[in-house]
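The same subunit A turns up in both complexes below, where it pairs with subunit B and then with subunit C.
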Partner chain A sequence: MYAGQKIRRVDAFDKVTGRTKYTEDLCDRGAYVARVLHSTIANGRVIRIDTAEAERVPGVVRVLTCFDLKEKHYFPTAGHPWSTDPAHQDVADRLMLTERVRFWGDDIAAVVAEDEIAAARALKLIRVEYEEYPFVLDVQQAMMDGAPLLHEAFPNNILRHTQTRLGDYEKAIQEPGLTKVEGWYETPVVQHCHIENFICFAEAEGDRIKVVTSTQIPHIVRRVVGQALGIDWGRVRVIKPYVGGGFGNKQDVLYEPLCAWLSMQVGGHLVKLDVPREETFVSNRTRHSIRNHIVSWVRPDGTFAARKLEAFSDQGAYASHGHSICAKGAGAFPQLYPCENVEVDAYTVFTNKSVAGAMRGYGIPQAMWAVESHTEDVCAAIGADPVEFRRKNLMPVGYVDGFSKNELYCDSFNQCLDRAMAAIDYERKFKAYQNQTGDVRRGIGIAMFWYNTAVWPISLESTSCRMVLNQDGSFQVQVAETEIGQGADTAFAQMAADVVGVPLEKVHVVSCQDTDVAPYGTGAYASRQTYVAGFSIRQTGLMLKQRILDYAHLLTRMPVFNLDIADGNIVRTTDGRVLMSLAELATEALYSLTDSRHITAESTYQVKSNAYSFGCTIAEVEVDIPMCKARLLNIVNCHDAGKLINPALAEAQVHGGMSMGIGLGMSEKLMFDERTGRPLNNNLLDYKLPTMLDHPRLVAEFVENPEPTSAFGTKALGEPPACSPAPAIRNAILHATGVGVNTAPVNPHNLFRAFTEAGLIHDESEVSRDV
Partner chain B sequence: MDKSTGKQYKLIHCTVNGKEREVMVDVRASLTDLLRNDFRLTSVKKGCEVGECGACNVIIDGECFNSCIYLAVWADGKDILTLEGLEGPNGEISDIQQAFIDEAAVQCGFCTPGAIMSAVEILNEGRLLSDEEIRIRMSGHLCRCTGYENIFRAVKKTMLKRLEAGNRKQE
Partner chain C sequence: MYDIKALYEAASVAEAIRLLQEHPRAQIIAGGSDVLVQIREGRRAGAELVSIYGIDALRGVTFDGEGAIRIGSLTSFSHIAASPIIREKIGVLGEAVSLVGGPQIRNIGTIGGNTCNGVTSADSASTLLAWDAVVELTGPEGIRRLPIRDFYIRAGVVDLRSAELQTAIIIPKAAYEGYFGHYIKYAMREAMDIATLGCSVNVALSDDRKTIRDARIAYGVAGPVPMRAPSAEAAAVGRPVCADTVAAFARAVLSDIHPRDSWRAARAFREHIAVELARRALTKSIELAGGALDG
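And then the complex of A and B:
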């Protein structure tokens, strides 16, 4: 069995030798270079664009503006499966180039040139005349009557408002003896910062257009390029090579339609669109900043009588993934600590900022920042122990979500807590850090989360697999679930080898997806790759095996029910004798003069289940109060992601997610100028992505309760590790200082504000003024 | 110089991965451009092109540099080593490359070449670095996949192995 073993990545050798080809490495040097001109106002309309000077730059091929876009095909960009029901389709609010600009960085024109320098020069020489409108950057202000309106169809800039009502909140809060705990909790705009920026190139092939792109979702890109260009979807061919990280940004259709269109405007010539880092921050996608308001009414025995959540999600200027993210986050609220009387209101609101889309955790990191910070505030308010309070109120074993039918089968939460507490020596430290005084103090904090694997029943969950047997008994595996760095190909190879019964090296996973060739599926998102692909790999592997054994019957005259494949051999199960190797069978099958067969299998599996994934973080910090600095000393994540297909890669996944959670909690924030709407720190120097120096040792622990609905016992792990580190760090600071910092990140700016408000420090300049 | 485009070329001589090279370079080109475009050494990755991320790191005369902010013309007379140059004639890989594989320090792989080159610079010094020193020396590499944990492990493990082997030789 390979599943469950620490197998080395199938792509590791090529990656450590530089052989792996990413999008740019595959682009012919004869490509024209495209650059996008972005708006330099936050809201308004382009009146006129003067391209004359830009066109005179030697090496410039074409300058195209929003006014050259004659056919206006509005398209959606979210990497969601298409819905044939118009009511469930994503909002189609984007154009490849737009006259009506809605954020600083909107796409208004493009230059196609022979090289980067000519393109960059030409960009600078394009003159744009705007009609400027007032803009709004804050969600609450955007919802007010009279606020600048971004999209006519959405009054008060509300893209969507959803509600959940359980029990009777108003009645429940009348119960005598309740303690009311209330807080506002906010997360910043952050960006994915995959090290490979978004890049694609396009060229004509006959009457079709081929796009090679760094994407998580090749089949969705094919559909959206077709929609944006107004051409038949089959005329679009999308190829996904190795991808240098995605984290959800590349679960959106970014510049593939524009690049394809530009190629068509220059006679189908090869055009490369390589987005610079500064533009990746602003004009790709970001993580939604979400402002959450939570009110809890707590009984003296430490149980919840009633709870309320209002979530306000900053969508930025266009719908992208839209309300799905805020809704997912808000949906976690009534389930993590179930309560009979709950009110939830979730709003997704347009503002004149960069467009928010999917990002690792899909709303849950923002929700857990609020929910788990609030849990700690409740404990502080009623004098409850943070561990005992959680154990008492967490989703109980046997809990079933009425909508998804997800179930908590095992005591995962307590098991994860126990494991994490032991790993970080929680009990001792928690006691040792009580009642500290002095400038430098330590604290330890906890945060929990749960996460859905996959997207059923909200949308289509379809997975396809193809296996093709070679002469040597090896076979190719193709699935539509994409390798984007997480290690999916290795897990697929392990599963396929086990199902068919061959040595791992006999499985060749085709990593590159070409929509002309790859089986249909919707790509990498929702931490669903291993769970979802597991179904089609198992189903297709069994079909392949059946066909091999049918042929083995012809060659050996043994009944199929007495045959099996083990370690790449055809084995007679009654006595364990190896009758022939799979290689011998495969060669005979292809070249037989009596019965030649190309042995292959292909099938689609529609997944109609989903699974809860669970875990927690415990963080230990040291806070220098006068310096307003928090240092992370130790951190542990513990996960129940079901059975681990590859524990080494699972651990590595957890490290990466923890790092992203630490960044959200401690340092990252994309800032916008209040006066202009212009982004202020859209580069990797001023935007504080954690470095190796900023992290302590990252500890990943697991509890393995096999998921009963799963083809291989596995469930979500890709996104979960990013969900709980930030609030655990915040809670550790609360433990150390008594101050809860409700606005992430807990950088010196926010700590200064919080410590000043709490009276822990005093602004000396103000003191002297008062004197 | 071509006045309309500003293009100006200069002939330079350098050694790239052990091979003597003579090449005309656009004086505005970065070493990243030269290595990627002229020599097709595509392990040299572009993540920011302004010296922030470290994905383009190569070793020049024994010292690790961001090749994106190192002009190609400056490479004249220099000895340059890229990730491709670590591989032996029969495809054998170095200890640090093997450690990156064994420690699962590779995910998307985009920052990997640059990170390995910095590790090579550190390891070639042949001295024992504290954990803190390793973290400082590797902090010029941004990685979003690994949380740096396994990269750290790979570097430290290789450092200790090399020092142990060195000590054995001395004994």
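And then the complex of A and C:
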């Protein structure tokens, strides 16, 4: 069995030697270079664009503006499976280039040039005249009557509002003896910061258009390029090479349609569109900033009588993934700590900011920031122990979600808590850090998280696999779930080797998806690759094995029910004798003069299940109060992700997710100028992505309760690690100092404000005036 | 791909001066860790460049005849930090430049570039200012020397004349002998960051280590250029080594500094941190000098 072993990544050697080809490595040097001109106002309309001077720059091939877009095909960008039901389709509100500008950084024109320098020079020479409108940056101000309206079809800028009502909240809060705990909790706009910026290139092939792109979702990109260009989807070919990280930004269609269109405008010539880091921050996608208002009514025995959540999700200027993100977080609220009387109102609202889309955790990091910060505030308000309170109120074993039919089969929460607490020596530190005084104090804090694998039953969950046997008994595996750096190909190889019965090196995973030949599926998102691909790999592997054994029957005269494949050999199960190698069989099958066969298998599996994936973070901090700085000393995540296919890769996934959670909790925030709407810190110097030196040793722990619905006992692990570190860090700082910061990130600016308000530090300028 | 009009490479200081005279619009490039970034941003796109990076004569840390420490302007941060002379005589400078960016930047970045950029956040600048460094400039008319505090004119502008280049930074013997110092870089990250505030302090104590004979303090990012805090220095010189002196010194910096109120950091926050850094840097400097704060 390879599943469960720390197998070395199948792409390890190529990656460390630099042999792996990413999109840019594959682009011919003769490509034209495209650059996008972005709007420099936050809201308004382009009146006129003067390109004359730009067109005179030597090396410029074409300058195309929003006014050159003669056919206006509005398209959706979210990397969701298409719905044939118009009511469930994503909002189609984008154009490749737009006259109507809705955020600073909107796409209004493009330059195609022979090289980057000519393109950059031309961009600077394009003159744009705008009609400017008032703009709105704050999510709740955008909902007010009279606020600048971004999209006519959405009054008060509300993209969507959903509600949950359980029991009778108003009646429940009348119960005598309740303690009311209320708070506002907010997360910032952050960006994915994958190491490979978004890049694609396009060229004509006959009457078709080929796009090679750094994406998580090649088949979805194909559909959307077709929609955006108004051409048949079969005329679009999308190729996804190795990807240097996506984290959800590349679960959106970004500039593939524009790049394809630009190529068509220059006679089908190869055109490359490589987005600089500064533009990646502004004009790709971001994480939704969500402002949450939570009210809890708590009984003296430490149980909830009633709870209320209002969530205001800042969508930015276009719908992208839209309300799905806020809705997912709002869905976690009544489940993590079930309560009989709950009111939830979730709003997703347009503002004149960069467009928010999918990002690792998909609304859950924001929701956990609010819910787990609030849980700690509840404990403080009623004097409850943070661990005991959680154990008492968390989702109980046997809980079933009525909609998805997800079930908590095992005591995952308590098991994860126990393991994390032991790993970080929680009990001792929690006691030792009570009631400290002095400038430098330590604290330890907990946060749980709720997550679920995949998207069924909200969306289609379809997965396809193809296996092709070679003469040497090895075989290729193709799936539609994409390798984007997470190690999916290695997990797929392990599963395929086990199902068919061959040594791991006999499995060749085809990493590149080319929509002309790759089996259909919707790509990498929702922490579903291993779970979902597992179904089609197992089903297809069994088909391949059956065909091999059928042929083995012809060659060996033994009945199929007495045959098996083990370690790459055809084995008679009755006595364990090796009858022939799979290589001998495969060679004979291809070249037989009596019965030649190309042994392959291909199948689609529609997954109609979904799985919870739970866990927690415990963080330990040291806070230097006068310096307004918190340092993370230790942090541990514990996950029940079911059975781990590859524990080494699982650990690496958790490390990466924890790092992202640390950034959200402590340092990252994309800022916008209140006066202009201009992004302020869209570069890696001013945007404070944590460095290696800002991380302590990251500890990943697991409890492995096999998921009963899964083909290999697995469930989500890609996104869950990013969900709980931020509130755990916030709660540790609260433990250390008594100050709870409700607006992430808990950076020195916010700590200065919070410590000043709490009287822990004094405003020095006041002091100096006294002196 | 960088938008560079022309690149002229100088092998000697004389050749560099000649090239700068021949190409009056050309800009000097040393390690390139600032210039190339600015070209990419478009600020210096299309520039003509005179590279002085190949002039090995401008590299290295030595003593001159009078015991002054001479740092060639092309000496990289890594080499400064590793220099035995720096480690022995003015260790704080090595510590300060070890906080610049990351290892790659410290290998390519030079102290001359760091100062000629004229930016207030340069990690070497506040320490050089606090140690009364002297800048050596070589041009068509020969060599001139001026105190580094006069070298900085305003944000991004230094006293570098036409066809002139900085050839060395000198720390006179009187400026370092008997002094002990400490630099604190206050930034939002532990690496790869520019200072929100930088504070460099050094002291010389009396022979019995009970009195502050001299104290010097300089900040980066407390104003448009690196700056000294003379009120704070006055509040400490001649005062006893004690917590009250440190507190008075720290409070007094607010009379001297003018930090900006910007989206990068609020003025009140920077002022609060400035006082705290002064307190901590002076305390540490006194410790290094063998002094002890009572209580």
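Definition applied: the second predicted complex is superposed on the first by the 765 of 771 C-alpha atoms of A that agree within 3 Å, B and C clash if a C-alpha of one lies under 4 Å from a C-alpha of the other, contacts with A are read in each partner's own complex, and residues count from 1 in each chain.
Keep in mind that, in the parts below, a residue touches a chain if its C-beta (ideal position, glycine included) is under 8 Å from a C-beta of that chain, and two chains touch if they have at least 3 such contacts.
Since the structure is predicted, the reported quantities are computational estimates derived from the model, not experimental observations.
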{"item": "Which of subunit B and subunit C A:Leu685 touches, first, second, both or neither", "value": "both"}
{"item": "Touched partner set for A:Met1, first subunit B, second subunit C, both or neither", "value": "neither"}
{"item": "Subunit B versus subunit C as contact partner of A:Leu693, first or second or both or neither", "value": "both"}
{"item": "Of subunit C and subunit B, partner touching more subunit A residues", "value": "B"}
{"item": "Touched partner set for A:Cys628, first subunit B, second subunit C, both or neither", "value": "second"}
{"item": "First (subunit B), second (subunit C), both or neither touched by A:Ala120", "value": "second"}
{"item": "Partner chain(s) touched by A:Val16 [first = subunit B, second = subunit C, both, neither]", "value": "first"}
{"item": "Touching partner for A:Phe752 - first (subunit B), second (subunit C), both, neither", "value": "second"}
{"item": "Partner chain(s) touched by A:Ala153 [first = subunit B, second = subunit C, both, neither]", "value": "neither"}
{"item": "Which of subunit B and subunit C A:Asp673 touches, first, second, both or neither", "value": "second"}
{"item": "Overlap of the subunit B and subunit C footprints on subunit A, listed as residue numbers", "value": "117, 684-685, 691-694"}
{"item": "List of subunit A residues in touch with subunit B within their complex", "value": "6, 8-9, 11-18, 20-22, 24-25, 29, 58-59, 117-118, 192-197, 242-245, 247, 274, 276-277, 484-487, 648-649, 651-653, 655-660, 662, 683-685, 689, 691-695, 697-698"}
{"item": "Subunit C partner contacts - residues on subunit A that touch it in the complex", "value": "115-117, 120-121, 124, 626-628, 667, 671, 673, 680-681, 684-686, 688, 690-694, 747-749, 752, 761, 763-765, 767-768, 771"}
{"item": "Parts of subunit B lying in touch with subunit A, wherever the complex brings them together", "value": "4-6, 28, 37, 41-43, 45-50, 52-53, 55, 82-84, 86-87, 93, 97-98, 100-102, 104-113, 116, 134-136, 138-152"}
{"item": "Contact footprint of subunit A on subunit C as seen in their complex", "value": "1-3, 42, 45-46, 102, 186, 188-194, 196, 251, 254-255, 263-266, 268-269, 271-276"}
